[in-house]
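Each in structure tokens, the structures are laid out below.
After this come two complexes, each holding chain A, first together with chain B and then together with chain C.
Take a look at the complex of A and B:
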């Protein structure tokens, strides 16, 4: 507690942790599996992302140095690191749910309007209601399988309803269109750090959970009607979310709907369980985590200049704050996936796996990519061009911590030069699984 | 002295081998509560004391009449079982007889609430676990438990005062305990609920709203807290008995009740009265030990089928208390 009271000590520790977590990218060095921890390349990427984003939250809100605030962020970081690396399914479930509580505290303690309480309740009720049936499936599964360890999974679920419950928790968390109502509300009411963490990591928790459940329960091997239904719902929902973006007036709700659109790609890439699909969804999760968090940052910085988030009131930033509008241009182009960025790779790689399903998916996907370009251009032009609004206050230019935060958001995108990090190394996992399975047979033998 | 009487009553009734002595122990607890009800400063406490007296004495009479027939004739008479169950439901405040709980709790002080909702429920729960002699009674008690879990959570959403919210949440938790009576782990759940309730009311008494809000979240059964573990155990046991409907209804009730717990959590968390006492914040942290409990002590969760057998074995150990008591009572 004494150390946490000091902002600089906490911040330096997190910077060190970022570099330490980079070490684990080298998979031949750090593939861990024991009773409690199971660690693969997706988890190492997401742990890196979560530590980085918590550090960036500290940079972006230098005015808030209360110990309660730091305690919230650090406990969230602790929970996230555990949930990304744990092997026991019960602990996975517990920490998956536990990540809600610091998020709730971030929303209700540092939000602005009184509606934040309602937004917090929405978030809690949606996610808890969807994930309690998952608890039932996990308990039932462990009862019939005799263990909570993820790497011992050999069972295939035969019941469609069970698949539904397994996926539902993560589909609400991601969120899929039609379970998404809590997300724009929570983003609109949360403070900057809450939004950054929520868009940056907590949505990726859903994607990580889908990947894990896919290979624990061996669901996606059979292309059942249910899976096709979920996939088509998610891709049409992504298109609808992109269209919904065009009629938002609140910047934060705008970015939230755009992230719902991007998460549709993650869902469809994971559920259609092929190498290209999973690769694309991992790339999209990583790139979108950084990009959407940076967009929330810059939306907050523009809010500081105008004191409004409405697109009606925030026009013509280019005349007044050229650096801010430069960053807007950069981030909007990253978000619409222009060529050298990771987002482009994510959107490109999902196409072959969609092609194997049906040509109709490609059609919808093309429309979605088109509209993602449209809404990003619309966002950029409506904020930066035109006669500047009379509501813009006299203010100084951006300060160094704000530059630092935005540049550090974009810098890790350089990982597109090292794409092998994003391949889901199923081969290693299958080998581990086989080893475990032989151990398990050894254990079970006296009782059969 | 009065506190002593309230605490000694469950001891008397659970440790005696004669059912009349257990009944008397329960009555001693009820009579020990009256001075506590009289001592507080609410004007409505006289009225609520009369209400409590009438309802509880009605329940005791019913229990006495049905108990004489129930314990002396070993042949089963359904009507008598139902009468006994009805009196227990009045005593405990579960589904058919739950109407007195929120209004009574609303007009009492924290200490008497602590007595009323805590130790005085132990003896009737013991009687309830004795009633499961046939499958019919098991399903009936399970049904009552499910209904009171749902009704408590719906009632809680209508409340605006913190006291009546605690009352309705206690109806809901008693429902969970009834399911625990049917499938096991009643006493563990009871212990967890008593600890959380006691420290919750203590932190309200000492105006420590931070601890209170953490206790509220714990009571709602959200994962990192210790009540989640208790609830999960009950769900696990009901799953072992392959009762999926129970599982769904209990999940539904905990989601509905999460709404009002969150509502009260907001209003207490966002106040500035945060003069957290050292002792209470220690207990606040102890509350978070649910995870540590899973990690270190429930190591059977980590391992193999072999340990599941041990698990079921230890399950029977946990309930051996209950079974011993049942046997003792039946022998007399």
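Take a look at the complex of A and C:
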């Protein structure tokens, strides 16, 4: 406790942990499991992302060194690491829900407007209500399987009728359009760290959950009417969310809506359950985690200059804070998927998977790509272009911790050169000779 | 003192370097392909490849040639800008993305250059902090974005092919070729997408000199050249290119006659030359297209530099009705202006003579529809006409505003360097690389007719005067169509309110629940004040964890 109370010790530990978690990128097996834990490349990527983003939260808010704050972030990190690596389905569910508690604390304790209470209750009620049916399904599943182990799932029982309850929890978490109202509210009210973590990892928790659900229930990718409905709802919803961006005046709500648009691709990629689709959704999850978190960071830094998040009040930052607006340009470009960023690969790789559904999906996707360009450049120009606004306060330029935070957000994009990491191999069903517990290890197919 | 010129020196030395390599590649006639495999899924290899052949080295030499002199020019043109280095860096990244595009061999690397051009050109067009430049920047960026969408969306066709290089394209991938060609039409500002090109004039003049000569607008044409270098195009595609190229050529020429803005006239002349290039591609002559592309790049950059030096004297007044008599105040600029103007017309033995006459003679030679021939002939007349009109109003008469001479050595040097290349490079390139040679058999009167077109255009330009016409200066209502198309979205965006804060919100009546159980809500919302309860709950979770672990 004494150690944890010291900011610098905590920070150094996180930096160490980032490097340690990078070691797990070097995987010889597609799945490594023991009694409690199950690693694959998705989970190692997301663990890396969560440790990195918690570290970046520390860097981004160096003025806040209270032990409660650090405790909150660290416990969230602990929960996230468990969620992403656990093998036991009940534990997965418990920690999936438990991640809400520190998030709620981050919103409620460190937000600064009275509306944060409403935002917090929105978030809690949406996610908890949606995920309770999942508990029932999971308990039923474990009853029929005789185990909580997700890698021992035999996929014999047909869960077609339950797929709504299976997916609902994660669709609300991601969020899919029409279950998304909690997200802009939560982002607007949350503090910087809350927004960063929420956009960076907690949304990806939904994507990871969808992948795990495909892992244990054999219900995805069969083009049932329900799945087609969900997929078309998500992609049209993504388009609507992109259009909603254009009418936002709050920077944070703007970024939140853009992340709803990107998460639509994750939903459609995973639910369609094809190689390109899953690859694209993993890439999008990783890239969007970094990019949206960095955008929240820079929105906060601009807020510090003007003390307002309204696009009406922030104008012409380019004249006053050129470095800030350089980063705005960079991040907006990354968010609008300029090559060679991972965001572009995520958007591109989903297209073969969309084609397998229908050519019309590609049409909607094209509109989405177009509007993502529109709204990102609209965001950039409305903040940075023109004569600077009269509301800008006297302030100093960006300091080194802020540069550090933004650059370290962009640096992990270099995994673009290591694309095999994102290539998730589904479980190969091996008939075990005896049904007792044994470790299943699958070789990765050799990449050259 | 020389720190300002360092980028120009860098680009110039790179030009020398690439020129030497170009000689080597032309002499040995070889092609290197560098390929880095990023990911292989099943048999589909997502790779990152670069092509080094004589085409890419010739192109990059031309780009370096132009950009070094443009950078030298902008050292003086932008010297009063306090953000001089920001401008230079954005301009350098613009040139760099063009180089990426030139050397690219696969989809990903091409997109790096392609989107990089789009983004950096957006940053350059909105460089001046005015509302006009913002509108122009969005106009440019969104039309270019349409092209990006076409390329990104065509990804699944690449997956069907099983590889991602577009050179050499497989002959079965005809749909893919069509989609990529449509994408290139947006970048090269062909007819339905051509309104952004005059709008991009909101950028500083050095940017226009780069954008309109060798970089942005030629990217699309270069892509079609690469696509059709090995496999000939289908008949439908080449017909589309023929028609759109001819329309663009005619439209640009006509709009330039009715235009009074000096820079916009030059931009529209670029448009008509681009139309001519696409037309040539439609005829299937990739080599001559490339040749004309190079020649056009050289003299158009020169024309923009000359116009820029005039604008420096007039303090940014671009309206030709105010300008005049520059031959007295700045004879050197006018000499340069005339050289490039005659190049544009295709006057004999200047560089564009070799390419433009060859295109027109090939057109007479080939068996194509009469409509395109008539349109291109009219466009040729109009090119000579508006060029003469432009030169007439600059050289003759008296200026209505004060012109102050303040050009310096760096401007002169850049213009001399570029004009040297603009004069000699036609003959030089032709004798260096025989791939550019074509032979034509036409009767003598057809050959004379081309010269007659030019002379008639010059005569018409000298005697004709026009009134202002909204229809033609807005490119047959194309520009208002694109600018106002955002208004279609407005009612939709307005109604979005009913969705998110309307019935989706009432979908979750959270307030009613919390009002009914107000006691519960007080408990719910006041607990974080007792933050220690968090630790208690955390410990409980730990206990559950240990319990389940031991289970």
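Basically, the second predicted complex is superposed on the first by the 416 of 448 C-alpha atoms of A that agree within 3 Å, B and C clash if a C-alpha of one lies under 4 Å from a C-alpha of the other, contacts with A are read in each partner's own complex, and residues count from 1 in each chain.
Everything below uses one rule, namely that a contact is a pair of C-beta atoms (placed from the backbone, for glycine too) under 8 Å apart; a residue touches a chain by one contact, two chains touch by 3 or more.
Note that the coordinates shown come from a computational prediction; the quantities given were computed from them, not determined experimentally.
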{"item": "Touched partner set for A:228, first chain B, second chain C, both or neither", "value": "neither"}
{"item": "Touching partner for A:101 - first (chain B), second (chain C), both, neither", "value": "both"}
{"item": "Touching partner for A:88 - first (chain B), second (chain C), both, neither", "value": "both"}
{"item": "Most chain A residues touched (candidates chain B, chain C)", "value": "C"}
{"item": "First (chain B), second (chain C), both or neither touched by A:417", "value": "second"}
{"item": "Which of chain B and chain C A:322 touches, first, second, both or neither", "value": "second"}
{"item": "Touching partner for A:139 - first (chain B), second (chain C), both, neither", "value": "first"}
{"item": "Chain B versus chain C as contact partner of A:109, first or second or both or neither", "value": "both"}
{"item": "Partner chain(s) touched by A:22 [first = chain B, second = chain C, both, neither]", "value": "neither"}
{"item": "First, second, both or neither for A:147, with chain B first and chain C second", "value": "first"}
{"item": "Overlap of chain C and chain B interfaces on chain A (superposed complexes)", "value": "36, 88, 90-91, 94, 98, 101, 105, 108-109, 117, 120-121, 125, 447"}
{"item": "Sites on chain A touched by chain B in the complex", "value": "35-36, 88, 90-91, 93-95, 97-98, 100-101, 105, 108-109, 117, 120-121, 124-125, 128-129, 132-133, 135-136, 139-140, 142-143, 145-149, 440, 443-444, 447"}
{"item": "Chain A-touching residues of chain C, taken from the complex the two chains share", "value": "37-42, 46, 83, 86, 108, 111-112, 114-116, 119, 122-123, 126, 129-131, 134, 137-138, 141-142, 145-146, 148-150, 152-153, 155-156, 159, 489, 492-494, 496-497, 499-500, 504-505, 507-508, 510, 513-514, 521, 524-525, 528, 531, 534-535, 537-538, 541, 544-545, 548-549"}
{"item": "Of chain B, residues touching chain A in the complex", "value": "217, 222-224, 228, 232, 235-236, 239-240, 244, 247-248, 251, 254-255, 258-259, 262-263, 266, 269-270, 290-291, 294-295, 301-309"}
{"item": "Chain A residues touching chain C - in the complex, by the definition given at the top", "value": "36, 68, 71-72, 75, 82, 88, 90-91, 94, 98, 101-102, 104-105, 108-109, 117-118, 120-122, 125-126, 178, 181, 240, 243-244, 246-247, 275-276, 279, 316, 318-319, 322, 329, 333, 338-340, 344, 347-349, 351-352, 354-355, 362, 365-366, 369-370, 373-374, 377, 381, 385-387, 416-417, 419-420, 423, 447-448"}
